[in-house]
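First chain A sits with chain B, and in the next complex the same chain sits with chain C.
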Partner chain A sequence: MTFPGPEPRAPFQGRIGLWGAPQSGKTTFLAALRVAVDQGESDWWLHGSNDASTDFLTDMTHQLITLRQFPAATLNLPPNLQWVFRGEREVRRRTRFGLTRTEREVTAIMLDLLDAPGGMYRGDSRRSNAAPSGRVQFHDDDGADAGDGRKDLSEEERLIDHLVSCDGLIYLFDPTRERSRRDSYDYFQRTVMQLAQRAAGRSRDRFLPHHLAVCITKFDHPYVYEPAHRLGYADNTTKDEGFPTVPDALAAELFSVLCASDVQNSAVLLDKGIRTSFSPDRTRYFMTSAVGFYLDPKVRRFQPAQPWNVVEETGPEGDTTRILGGVHPINVIEPLVWLATATLPRS
Partner chain B sequence: MRTGSPACPVCRLPIGRHERCACGWTLRTSWTVGEGNRSAFAAELASAQLSHDVRAAVRAGCDRDTIAPLLRGEPTRADWDQAEEHVAARTEPLQPVLTTAFASLAAGQVLALVEIGPQDITITRAAAADPDPGGPPAERRSQPWREVLPMLAADAEHLRYQLAGGLVGVDRAEISVRLAGWAEGLLAAFELPGDSVLVAVNRRPGWTLPVELIDHLRRCHPRLRAAADAGEVAPVLTRVLAEQPLHTSYGLLTAEVGRDGTIRLAPRPLFAQGDRARKTATVTVRCPPGGTHNDSVLAVVTGTRRLVGAWSVRLRPGVPVPVQAELAAPGLVRLISPAGARPDRRSLAQLEALAPERIDVRSSPVEIICLVELNGPQDAARRRRKLLAELFDLLAAELTVPAGIALLGYADHYAAGAADEHVVHGRWLGSPAEAQEALDALPDAASRWNRNAAPLEDALQEVARRCTQRPARGSRILVVVAGRPPHPAAVADVPRPAQRCPLGWDWTMYARRLDTVGIGVRLAVLDEPPGPQENPWRTLGLRVVAPLGAATASKLGEAMALVSPNPVRLPFPLADSSQE
Partner chain C sequence: MTEVRAGWALHGKPRDSHEDYTIMASGGFGFTDGDLMLILSRYSLGNPPADRDSPGSLPWVAINEARDGEITYVGLTVQEWSNDPDGAGRPIAHSRYFAVPYQALCAEAISYQDLYHTLRRAPLPSAGAPMRIELSATKATEQARSIAALGFARVATAAAMSLEGPVTVTRCPELRLEERLTFLDAVAALLPYGWRTEYSAGTWHEGGSKHVRLAFARHNRANSFELDWLAPAGPPARADIAGTYLQRLRELTGGGSGEEAVARVIGHLRLMTGPVNGPEDAIRSLNEFDWHLRVLKAARQGHATRADLRRMFNSEEWRLLESQEDRVLVFGELIDAADREDIPLITRVWNEVAADHRTPFDRLVHAGAAALCGPDPDRDTSAYVAAAETLGIGDRYLAAVLEGGGTTVHARSLAVAAAQVKRRLDTDHAETFEAVVRDIPLAFALITELLDRPEDLSALVEQLKTRLPVPMGSFDAVLTGPGVRISECEIEQLAAYGANCLYDYLRVAAAYERLGLVLPAFVGWLVGQARIDAAFWGSRLAGLERAGATEQGVIDALLLGLRSGPRHLRFVGQAEQAAYRAGFLEVLRLSSSPLRARVLDGLARHLETWTWPAEPDSAALVLSLSAAVGGDGEAGGVTLARVVAAGRALDPRLSANPEYAGWWATALREDPPLRSEAPLIALRALRRSADPKQVAMLCAEGYLAGTTAGQICEALRVSEWHPTGEELLWLLRQTRMLHPSAPVHSERMDEWLRDLLRVYIADDVSKAGPRAEVTLLLLREMDFHLGLLDCVVPGGHSLGEEAREGLKEAAQRIKNLAAEGGWRLWRR
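Coming up: the complex of A and B.
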């Protein structure tokens, strides 16, 4: 008796949206994703779905690894950037004879970077006027330059449309920004309200239907690493180089702790907002760092006195940041893998 | 005419026991003149008399026609010509005689030069190596011949004729008596000490009365040296004096500041006793406190504190200034360097009165360690260096104690993203001028720099290391001119986080070491006033933390207690002790 092989299927096409306040690290995250994939720590790989997207990724990666530079804050992105995160996942499938068996299934997730200006998330009306160009402008400098930060109203709609159509969302929360701006709740709140208005009906429960990966970015930054280390969340025994990690089980708690460190903080509201808008079952927290911790080339081991992989420079042309050492992305693939697995319908 | 004693019929000298007169006339023979020879004798005498008188006239340079009536006879042209040939007299140059006389002169002894001329006799009184600058010594007294010998003619030409030997009609014996008396009474008459060294110079060699006077002088003063020299005396005297060795030392007047700030003026040796003209000597001095905008007085004085010469000059502060002088002559010093010195005509008393009794200074040596952040906003980076340049200028000008200045500039770790471990430049302890040079040689400010920290810890590490290696020669002072705090030993969760020092150095450790190496006085000058929590500056600016905009070199100097806010002007240079 022969059993027929698995029927060939078109790879599942899910959609993931990358979302976060300006400067929260979205572009760097993307570039680091490519680095992480190339460093071969998982079975997944990333490619552009068109030339522009492939070129963009190549450029960004080169900049990150070779030039040790972060993506420029002001940058015109090519339109229609879209990447495919492709891999295999295991699915349990019921046979014609009522048996179940485990199959490996090719999965491709579309990752769109609709890198919207910060003002848009905030619903800044000054920025909601007509834009001169059909291109999406990558412009993160919120508030400071309302003059050239004009955006097409339809662009905000496009972003919301995009997020609505996604199965999973990656939300980048930048604790360092929270220290100085305390405005992450504004970005979050505005977008979540609109999402709810458009997508709540699709949900089986009282939450938004999306899966949400909350990535606490810039783990290497002293504002993030220090409290994590001090409060005992960081474990540096799991990686060869001694890089600190936070067990997934503790990441949500650390997120709350980071948000609660200042009572006045909008992050407290953000924490609550996430828990009330997204199902706890469909939400996960990740401590991430796109560039990773600094690794002293002489010692080849993580030094707790020097976790920070960034050097802040200044000069007559203003402030910039540079990457100090090699790039060792932390928790950039994991959120995608989790979303790829979690968002698919169970067979 | 007096005929008290017999005289030579030719020259009128009294006849002594000699057979022949000094003029050559035979006064006595063993045989008497016979009647037959009487006319021949008369002719011979007349001829001798005429030739004697003509020679006197020629010696005296008299006009032939004017003098003719005074001659005994009428000379022919041949007589004049013959006389011209016979008047040449033996001379004895003055200079060697004077030189020997000066050489024999003991300290304090007076040299009296008797100058016998055609109108008068002049006595010049010269001490050995007179220290007063200028030409020949001033003490000259003249006496006209007619005062010595009132019987001589009043008419100058007639007087000359008489001095030269034309003495018919005057009491020749009386003259001799008076001349002898004058010679005998010389010292008393001119108030000369008994042990005076006498030199006589006959300015009219061959003239009868000057020659005779010298004879009298020799007789009365056996150690007298005589010369017969028609030349001017003053230049010879100047020349000889100039060649004399110094009888006293000469020095440059400098100020010495005592431990309590008291000022003592003391000459620094330039020329020693025995030194002679054309010798040069150098003394190294320093510009005194307050000298930046004031002249200093360079005064050369004798060991006995008499002023030889003084000059005013603006001295360059901060560096040893060589003062070079040449001994032109005893009492005459020429300043070779520094250039631009102007003669100062004030008296020594006036000059000395300019010096204060004391100045307010610290007395122990100091080491001033300056650390400067090289990079940062263009304007601030420039002003930091300018402040130090002004401080070095000020210290060079105002410091009265030996000071060593160290200057360390530090650039940036993490230049263009990469960690640079060699960021400290500069020079350890040196003079203010050397610190200034080191300042000029520091690298230019970079165009970009680390945002929240600069490698001050590396500079502090260098300070701690150097200061531990060698104990302090005096008190130590730290001056930090900066914009950013040091890198931390570990990256920390602070409002303005910074990367840690790539060498892992901990500024707090070196700051603690400042206490052990004796750096108690610490000043910090910051681009911006520090926040209340910025504790590096509480430690590193232990005495003063000042904003760069308000800091001046003089305020720093005062804060270091090195420079008085109201410096008392000290017009004399300080001896440069570092050269000894």
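Coming up: the complex of A and C.
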């Protein structure tokens, strides 16, 4: 695909951080991006800017679509993913005669993403029960780097450095995990404190300077879909296949409702924490599902009796979960588009 | 087979867990779970893809290192899928981490592949317990074969580039895990073995750690050299170290064409087990290929350096020498060049190299025998003998060393050798005892070593009686006593086995306080010798302990005759003086005339070195001894008499000693001019610190003996005593006072004293010398006397004529003196 007109200026460097508890679907969210771009009606598209980032997109797409597998758990902090998000947007420009005119402009944003293991957001030191004793050493502990000339940061330092420098954050909230583990607030509050410590001074108001896209994940899971449907937030009429959607304007309210159902108060704290830490003007909520709702292949329609697009099975590789049907990401590209456009210079 | 204790850890998470990955169990080392997570994270190969059949699919194997204080671990991490899902239904990957101490791998040069195959099969023990595995040595030829199969160019290039930075192997999707691991192992084989303390590698890298030095991956990693598997090119031009290393590898292996040559290079590199200090060090290691052959050549020519020989065996490079003969040859050179510090090294290598060969043993014996004569014989010899005992050849070795290893044991080392034997008397050292029996001086030295163990000494003597041709019965007299005096004939027989034997016999006699039984015959024997080793006996006799007064006199006389100083003379108490003198005189009695002259001469020279007159007991002994030996016109008698006379310079009261008169009479008989010359002899011998009063006494004696003032002045000038003006004036007055007629005025005496002063200061022209000082002192005294006159001359009364004339004469003399002095001053 090519765009008409002159090549855009050098890509705007936008950093977007991904944040969420273990198993909240961070890697799957990223894995579904390419599918979302290709299936969606957005003016944006996505490609890698280096081999590793391109490999990630293609491999994950293959895994979701062809193999119908979810990504494995993230074990280690990988190198930053660098993607170029290209699209068109409307900008207002002043003419030579002093008039303002709205134009569509080709824009490219370099997305710098880091897919960290969820445990790191809770500050589990090395994600283990015990901190390093200081006893273990390595041959180049005398400060030498591994050849790239950069200071050898710990994984935690690297992650926080990245989040602090981000323009926007995608926070993934998994209501199914919260239902059983009730620990989302743990993974939220420590990171917020670290961000505040290092980035609050950058803000012009009392909130953190970041834009925040709160994604309530696993919308297709019965634990999430059911209350949304029962309480009237879900609308089955907006998509041809009858896929339920929640208007963005109601997503924040639904998020609060889902959080309020937590008898242990952890999710309530999370809800309040988001509202007190991030500016409402810079926060949006999205009901998200990386693989989307199950589409009955016979009738090509969503069936309310089978919303969940996941099946548990036992095979030669042991017990696993697989994607049951086709992948139809919901609100995967939208948070990224919103963050990209919101953080871009206005003209 | 080498049994190795390995540490281990299992990384993963329990089935259905909602938590992150963690250490599930571990054992075998002191690392905490946090430490283990740090290691795994630092050398992580990344996040494995979920699919099971792509090139990057699990299992993965990572090679790494970690250190715990002084211990460096070589680690292997095997990462595989388990059949369990986590709480989100995702497959769980388990990592088994194994860590083996690097030192345990060095000796057998165990490869990563062998380590992997052993560890992979081994079940994990219960938590906390270490793994115990058995590892076999890896053959260099097998690794060479693998390198040939993989392609020498690929392997060598990867090895060379990994010295300079991370290397990524790309475009090899068809390679299985085993083949990748073989490649990683092959690359390590072409690097110094010590590089493994820094080496890290992975069979796949999927966004993992930048600390992984060598890895397979789909694309080249950032800041990494790329090795394209399908089209391997050499290192880029900027990687000059890698280029140099690769070039050397090609040269040494003929471009890698021959497996044998490659195996030899691997064999060389696996000996380089020490730390590799940077890539340049690796090049140096490679440049030292065939170093062992250069050392062998030098050893054959007899000029291999000790440093090279040490390194050869410390670094295990001797194993590269193909024939056992070559190994023995080089080892022999090490033994020859070794010092005490090298003995542990020799001991360590002995059984492998030298145990079945005669030459190293002979050279070790030679080294031990040489140590006996070295700068630190006791410690050096002990070290060699202890090493031989460690090797189980102590008795044979010590016997051979005692027999000199083909050389003669130096006499001064007999005691050291005997001490070695003594330490082993209680053990079964049959060969050593036989060696002692064959060496009579050594046997005698051993006897003296046992002086502090009388029972062992008696037993040894009893044993030796039946074995030695020496009349060991002589020992009975001194050991068991009260015995009969030893005859000169017996001494003669003992002396036939060497002076050391005879001396050892004297030591035994002295130790048993029976020297008196032996010395008469010994003196008779010694004075009868045509040639005497004066240096030997001089030092040995002085060392004899526990001698009685008579024996002390004997010993001192002998020592003087041997041109050594007497050892006991100074310390003889009044009660022992007669016995001492008797012993001394007995030696003189038995001595020939020249020997007697040497004794007297030696005594005279000894008295000059010592302030004996100041010690009444010593003075008495010297005077009585001098009186006893003098008077016979013996050569040396005059010298002795004059030295004794000079003793008054130290203390003129010597003449008051009760023995003085006897000596003086003998001395005058020996040397009649001494009567007049004695004061001058004493004055010449004055020390710097002499008391002016004592000098005055000697001057007065000289005056009375008719000595001229000029002779006195000359004697004073020769002496060390140089008086100030005040002392000179004091000397004159004191001499005048000591005159027998004092205080009666003696005009002749006064004239003699004025002459003395005149002559003494005749040549003194300095402004601050005695002349000027005496002048000023006299003027002050004159002023004093004039003052006295002021008191006695009555004011307003007329003086008597005689007094007036006296004053006028005095005034005129003063006037003349002043004028003459001025004229002299002017003339000067």
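The working rule: the second predicted complex is superposed on the first by the 288 of 347 C-alpha atoms of A that agree within 3 Å, B and C clash if a C-alpha of one lies under 4 Å from a C-alpha of the other, contacts with A are read in each partner's own complex, and residues count from 1 in each chain.
Following the convention adopted for this analysis, a residue touches a chain if its C-beta (ideal position, glycine included) is under 8 Å from a C-beta of that chain, and two chains touch if they have at least 3 such contacts.
In this text the structure is predicted, and so the values were computed from the model without any measurement.
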>> According to the stated criteria, A:226 is in contact with first (chain B), second (chain C), both, or neither; which is it?
In response: first
> So, does A:177 touch the first partner chain B, the second partner chain C, both, or neither?
Replying inline: second
> Among the partners chain B and chain C, which is in contact with a greater number of residues of chain A?
Replying inline: C
> What is the contact status of A:51 with respect to chain B (first) and chain C (second): first, second, both, or neither?
Replying inline: second
> Once the shared chain is lined up, is A:308 touching chain B (first), chain C (second), both, or neither of them?
Replying inline: first
>> Going by the contact rule set out at the top, does A:59 touch chain B (first), chain C (second), both, or neither?
In response: second
>> I'd like to know which partner A:319 touches here: chain B for first, chain C for second, both or neither.
In response: both
>> Quick one: is A:71 in contact with chain B, with chain C, with both, or with neither? Answer first, second, both or neither.
In response: second
>> By the touch definition at the top of the document, which applies to A:23: first (chain B), second (chain C), both, or neither?
In response: second
> Which parts of chain A are touched by chain B and by chain C alike?
Replying inline: 312, 319-320
> chain B touches which residues of chain A in the complex?
Replying inline: 68, 221-223, 226-227, 230, 304-308, 311-316, 319-320, 322-324
> In the complex formed with chain A, which residues of chain C make contact?
Replying inline: 18-23, 30-39, 41-42, 44, 46-52, 65-69, 72, 81-93, 165-166, 197-198, 207-211, 218-220, 222-224
>> Per the contact definition, I'd like the list of chain A residues that touch chain C in the complex.
In response: 22-23, 51-52, 55, 59, 63, 67, 69-76, 78-79, 117-119, 124-133, 135-140, 146-149, 155, 177, 180-181, 310, 312, 317-321
> For the complex, which residues does chain B have touching chain A?
Replying inline: 377-378, 414, 416-417, 419, 447-452, 489-494, 497-500, 504
